[in-house]
Amino acid sequence: MHLILAAIGILLIGGLGALLAGGSRRSATLLGRGSVHAACLVGAIGLAFSWAGRVPAAVQVPWSVPLGSFSIALDPLSTWFILPLLPLAALAASYGGASMENGHGGPGAVRRAGAAWFFFNVLVASILVVLTARNAILFLVAWEVMALASFFLVTWDDERREVRDAGWVYLVATHIGTAFLLAFFALLGARAGSLDFDAIAAARGGAAGGVCFLLAVAGFGTKAGLMPFHVWLPEAHPAAPSHVSALMSGVMIKTGIYGLMRALEFVGPPAAWWGWILLGVGLLSGIGGAAFALAQHDLKRLLAYSSIENMGLVALGLGLGIIGLVAGAPAVIALGFAAALVHVFNHALLKGLLFLGAGSVLHATGRLDLNRLGGLLRRMPWTGGSMLVGTAALSGLPPLGGFVGEFLLFLAAMQATLTPALALPGLTVLVGVALVAGLAAVAFTKVFGIAFLGHPRSPEADGSRESRNGMVIPMAVLAAACVAAGFAWIAPLLLVFGRDPGGAASPLPAGVPLGELLGETWTVPIAGGILLMVLAGVILIRVGLLRGRPVRASVTWDCGYARPDARMQYSGSSYVQPLTGLFHLLLRTRIDFDRPAAIFPGSSRLSTTTPALFRKLLYEPAFERVRLALQRFKWLQHGRLQLYVLYIVIVFVLLLIWMAWSAP
Amino acid sequence: MIPALIALPALAGVAAFTLKRDAVRRALLIGAAIGHGAMTASCWWRRPEPVASGWLALDAAGLLFLTLTSLLFLASAVYAAHYLRHEERGRRTDFKEGLLFSNAPEAVFTGCLLFFLSTMTLVCASRHLGLLWVAVEGTTLASAPLIYFHRHHRSLEATWKYLVICSVGIGLALLGTLCLAVAGAGSEGGPASMVIDDLIARGGTLQPDWLRLAFLLLLVGYGTKMGLAPLHTWLPDAHSESPSLVSALLSGAVLNCAFLAVLRSQQVLEAGGQGDLGRNLLMTFGLASMGLAGVFVLGQTDYKRMLAYSSVEHMGILALGVGIGGAGARGAMLHAVNHSLTKGVLFLVAGNILHLYRTKEVAGVRGLVRALPISGPLWIAGMLAVTGSPPFGPFLSEFTVLYGALEQGRSVVAALYLVFLAIVFVGMGQTVLRMSQGPLPEGGPAPAAGRPAGAAEPWTSAMVPAALALIVLMLGVYVPPALDAIVLEAAGLVGGR
Amino acid sequence: MRTWTWLHPLIALAFAPLLGGLIARTKAVFAGRTGAPVLQPYFDLAKLFRKGAVYSRTTTTVFRAAPTVGLAAIIVATLVVPFGGAPALLAFPGDFLLVVGLLAIGRFATVIAALDTGSSFEGMGASREVQFAALAEPALFLSLAAAGLAAGGSSLSRMQAAASVESWLAAGPALPLIAAALIAVVLAENSRIPVDDPNTHLELTMIHEVMILDHGGPDLGLILYGAALKLWVMGALLVNIVLPFRAGDAWVDGGISLAGMVLLAVAIGTIESSMARLRLTRVPQLLVGAATLAALALVLVLR
Amino acid sequence: MTGWLDTLLVLIVLTNLKLLGTSRLGGCIRVVAAQGVLLGGLPLLAGGGLLAPRALLLAAAGVGLKGIVFPWLLLRALREAKVQREVQPYLGFTASMLIGAGVLGIGLWAGSRLPLPTAVRSSLLVPVALATMLTGLLVVVSRSKAITQVLGYLVFENGIYAFGVGIAPDAPVLVELGILLDVFVAVFVMGIMIFHINREFDDIDTERLSELRDWRPE
């Protein structure tokens, strides 16, 4: 545990060092990246030790802050969420260093490299603290520092207007989300008489549990990007530098899920409707996220929406788990929570990989608009290869990592459906996930097929070259991890939670034979293995068939049209058009098309845009209304001295009268 | 000790009027500030014993606010030395309308600054309500010339409003004091001692009707000076028109002094067994101030006025905290500390911005971070701090207030509190970020300022707010036990825990 | 009793193309033609496997690897689907999700291979394919879930074991509904009329065919073989549910299942020769309809 | 002696009404001066003994400041600022006087609700003090010139002073003097301000003093 503290310390010191060395980019990068790597190593060792029970799992440091105490601890839940953080942070740091040498972020960036590393390190450190804090004040401080650090990283490239706007949306959203959490913790703390998590958990139950839960959903849901609290996410992720998006989407938004699961310890015995709320939010996020992802042209924006979708799946898992808790169905509980946990883990790796890949594309071509890319696989084989693994995994193809989470979710749903009392929620999840999985597959075939295959659709794409090793290697590592996760995903789960299911801080209720339940699913990796073997066999056959046979190269068959041209290809938009048409009610995709006229038509153009629905229809009008309502009071400050004095008189007289009335 | 604390700046002020050479006068100013600070610090080490038959004494609250005042004054004094050195002499054109105007003589400025400190010290130290009133009125009169340093018609208007409104308000406070005397004279008609301790001691015997009336008047009166809505009307004008360091003192020190006066009244009222009346009134005023601040912070076009309204908001938080009581009062006391220091940072930085960009219009300021490598980040940090974001001090105190509210089961108050905080955050955040981020305007920050973008800032003008900011940051991650203890003791005066 | 556990994959590999031949023959009979021999698919495959290959310069490894991957995936699927009253080689709770996943692999491969060619027509085909797949998947899920629910287990083998005459009588109208939904899915997934027409040759109207325009030689062979296997696998799913007759003797049961497959082929042939192809815009309605049927079945089972 | 006191109080009320009715600035100043002198007498009648040193001291200071120094200051400011001598009220004179009468009513009502301490000589004192204060505020609010605002403030202050001297006769003299000193400085500073206002706007009409605001009527 002290090693975790040490890791945090290393991060902060390294960050400060980088900040002070801000003048020269090289030394700043050296300090920042080095300290992240060192910290991740130390942290990993710390995890291992505390897992082996060699070191105390909790540390309390005296801290003079009202209501606060600096106590941090590692329990299975924390461990599980830290697990992906460490490698991802390290890889993102390497990648970030390399990409900064590419001079990303405009000329000013070079001068502010120190600041960039400072905020990056602070971000990693704060996530660590958030995941280990055992006192509300400490948690909240770390939580908000995390938000601010990421905000400054998002607005890193603040010479661009859209980046500033994105940052602003993010800041407001996260701040309001935190406001809910303030209320949440203050309420619980006031009830428990202390803000230490143990005390709060001890005082669980009692009144206002529902209110607390709703506050938690709103507050943590904002961070996790659950619809309808997701508005900031599709703005912030594209704006941020890619390695930061990777860290944010891979780990930071997961802290929202972590918070939700923590909250379950605090707010006492759940009620069925809590689960239903999570199911509702999860379905909305899942289907909505997938549908919006379909409609995006911007690669990173698409990935951001896909993050929303996946958080939705996680929420579905949690919801099922809660409903299972209420109904006392151990299988549903275990599978539901396990699905959520496993998917969190896999999604962390996958989204990290995909965002790094997107960044590599951005570096190579300077564009993220799918309809201007194409043919990158030939030009950037490593990036392309990793992206192929990532997209396949997120499309839920066995045996890759992405499939496992959905699989467990299905199992949980089936279990629920087979338990008479829980049939309805089970079915809801079943249908929803089926739909989501289908849509996600479309979205990611779009990403890979349009961006990396076919003819390049722009000179930049045509002239692109593979990124430097510093950026490629992290992607390759993550891709490998995704494949491995598809086979070995169950091992970490059992390692972390298996030993004491229902132990102090495990989300699983006591007496759930987790290992047993998941044991049967060992068959999935086996099937994966068989798949690989069969594949090898078929490949051999194919090679054998082609041996000694002529293999010629030619142009693509285009039904007799001899000169195929990049602009004749299906674009990303046209690829998904049939489906976006089906979801028009939700997406409101706008198509501007000036049709070619006359017999010899001149130039013509067609463009589709999908607005951020909730922002345009829900939040912006609401804020505007508030603003107008406040405007009405501006006349109070009219500048007339006489009337100002009159205010005093009036207030005094009113109070006088009020007092005269209220006099006993 | 206490008489020395009061006399030192007063004498220095007299000297400042007589001195001829500017350099000496500035040295004197800083010297006096340092001396005052040193003496204040020694009071922490050993609490001075009451003098003048208990008329002058330092209890926890007094010492707390005295320290704040002294610290802030020290910062402003150092800043002032730099500021005065760089103020242009003679008549010059006003950046807003291009009118000609000149500054008040520096001697007057420095002198009044020192008198100002002396009167504020008196406020913190006086235990006699009459004396307290004299001192508070004194702060108004001493600070009026400071606001009118730049002699053009806007600052004149601000000064005039400040004078009239505050004088009228404080007149009511005087009436309240007299009513308290009546309440104290009570049945036996003996001489009514106006020393707070005596009043509290005889709390039960105070005549209830007169006591309530007295509190009402005191609240309205000192509330006007403290800037509680809707009595705050003088505040934005005065803060926006006075030189930035004066704004810092007004917002960070004077408002606290008025708040201290309100606290004294509440103390007496509680001793009289009618604390609830005061609590409810304070809560009402507090929420009103926070809400009203939100109205004017949102879409504010003048960044100094924005800061002024934020002060209104925070005075609201203080009142609310005391009104809530319990942990709320503790939070309020702590928040007084945090707010003063943070506002010091913000106003001094605003001074730097004004000096560089030559405008108070938000629209005229762009790319601050690039133009002022130190002040720019400080501007953002100060905004985050004052809107209650960790890891800065105000977060802790604001959260404590919220905690207190929910501890008392006042969930509606808590909800409103959070809503108003959010509104103010949106208002300030939008403005500050718009000023700070983004590229520089064409042709450097401001053609008027002949300084290339990104060039090193003048040392003092940047370091003073930076130092204050460091303290604010420190208070966000570590509250020194001594401070915590005295905060608790001060909160205890009004039933805080 | 477990004979078919091992036998089924081999039989599938051997006889899958036969289904195509049977369907063609049935259609020929309806059309009053003699038609190609039933073994024609085998001849075609043999011919293709003997050819060389021509690749577009645009394409990458993805294009070359796709047919192989698709075939491998569907072969594995044969190990998961039970047959002839015996449990499958790979049987575990939720194994039908694995089948769906394996089918998804095949689709993924085909689709990106199509996009790899950079041809507008193949892009069009891919676009249609994913659209219909995204709609067919929920229908497939719901029907299998309903079947599982009726059987009280989420494993295909369990469903098959539980499917019996009694269960049909017990479940009442539920199972026919499931069967109907499944049939629709089978037709859609295997690009048969009324969703798609395997032997049209107008690119604009095709879905599956147009995606593989550029493939030739052994690759095309692998694709066709894979398609045949796919039909077999999904057919087996269907047959397991609609033919619940069990004699208890492995060979008889196996025979019953095989007969079922033949019947299925004939049935498809009949449908294809008796129905016209739907307009593309109507296809979604068909699939959504199937999904609703399945949902209805679920409700009936739950009741 | 109570009779004398009441007479004095009534006279003060009359000065209030006169002030509300006067239309010329000079006149207003003289009325306020008269009120100051009357107030100067108050400590003698309300206080402990007629010739108690404390009472004498206060009386002297009061008459000196309120009756002589302030009026002199203001008249001087008036002369410096060559303004036209009309008051320019927002509120008509008659209306003002009616309100003034109503204000007296409020004073009586409030006074009747409060139990008077024994030390108070006349039941009229509290009402008159309150009425005077409110009159002062009324002047501040309803007159447009800066100088009238000072006058209003003075009258307001007078009301409080009357209250203090009459109700709390044995408050320590130091404080009373401190209060007087404050008021003196206040008026002095205001006088300076008026001088500047006049220089800036060549008129002391505070209409001009509404530049600083956050709201502009469309």
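Note that the chains take the letters A, B, C and D in the order they are written out, and that residue 1 is the start of every chain.
The definition used in the following text is that a residue touches a chain if its C-beta (ideal position, glycine included) is under 8 Å from a C-beta of that chain, and two chains touch if they have at least 3 such contacts.
These figures come from a predicted structure and were not determined experimentally.
For the criterion of most C-beta pairs in contact, the winning chain pair is A-C.
Each chain gets one centre point, the mean of its Cα atoms, and the points for subunit C and subunit D are 101 Å apart.
Inter-chain centre distance (subunit B to subunit D, centres taken as mean C-alpha positions): 30 Å. Here the spacing of subunit A and subunit C, counted between their Cα centres, is 36 Å.
With centres defined as mean CA coordinates, subunit D is found 69 Å away from subunit A.
Residues of subunit B in contact with two or more other chains: 160-161, 164, 168, 209, 213, 236, 296. Among the residues of subunit D, those in touch with two or more other chains are 113, 137, 140, 149, 206, 209-212, 214. Those residues of subunit C in touch with two or more other chains do not exist in this structure. Applying the touch criterion to all chain pairs gives A-B, A-C, A-D, B-D.
Of all the residues in subunit D, the ones that touch subunit A in their complex are 90, 110, 113, 134, 137, 140-144, 149, 206, 209-215, 217.
Put simply, subunit A touches subunit C in their complex at residues 374-375, 377-378, 388, 392, 395-398, 403, 406-407, 410-411, 414-415, 417-418, 420, 423, 427, 430-431, 434-435, 437-439, 441-442, 445, 448-450, 453-455, 520-521, 523-524, 526-527, 530-531, 534-535, 537-539, 542, 545-546, 549-559, 564, 566, 568-570, 574-579, 582.
Across the interface of their complex, subunit A is touched by residues 49, 51-60, 62, 67-69, 71-73, 75-76, 79-80, 90, 92-95, 97-98, 101-102, 104-105, 107-108, 111-112, 114-121, 123-124, 126-128, 130-131, 133-135, 137-138, 140-142, 145, 148-149, 152-154, 203, 213-214, 217-219, 221-222, 284, 295, 298, 302 of subunit C.
On the side of subunit B, the complex with subunit A involves touching residues 160-161, 164-165, 168-169, 172, 208-209, 212-213, 216-217, 219-220, 224, 230-231, 233-234, 236, 281, 292, 294-296, 298-299, 327, 330-331, 334, 369-370, 384, 389-391, 395-397, 399-400, 402-403, 405-407, 411, 414-415, 418, 421-423, 425-426, 429-430, 433, 437-439, 476-481, 484. For subunit B in complex with subunit D, the touching residues are 128, 130-131, 133-134, 137-138, 140-141, 144-145, 148, 151-154, 156-161, 163-164, 167-168, 171, 174-175, 178-179, 181-182, 185-187, 189, 191-192, 194, 207, 209-210, 213, 236-237, 240-241, 296, 300, 305.
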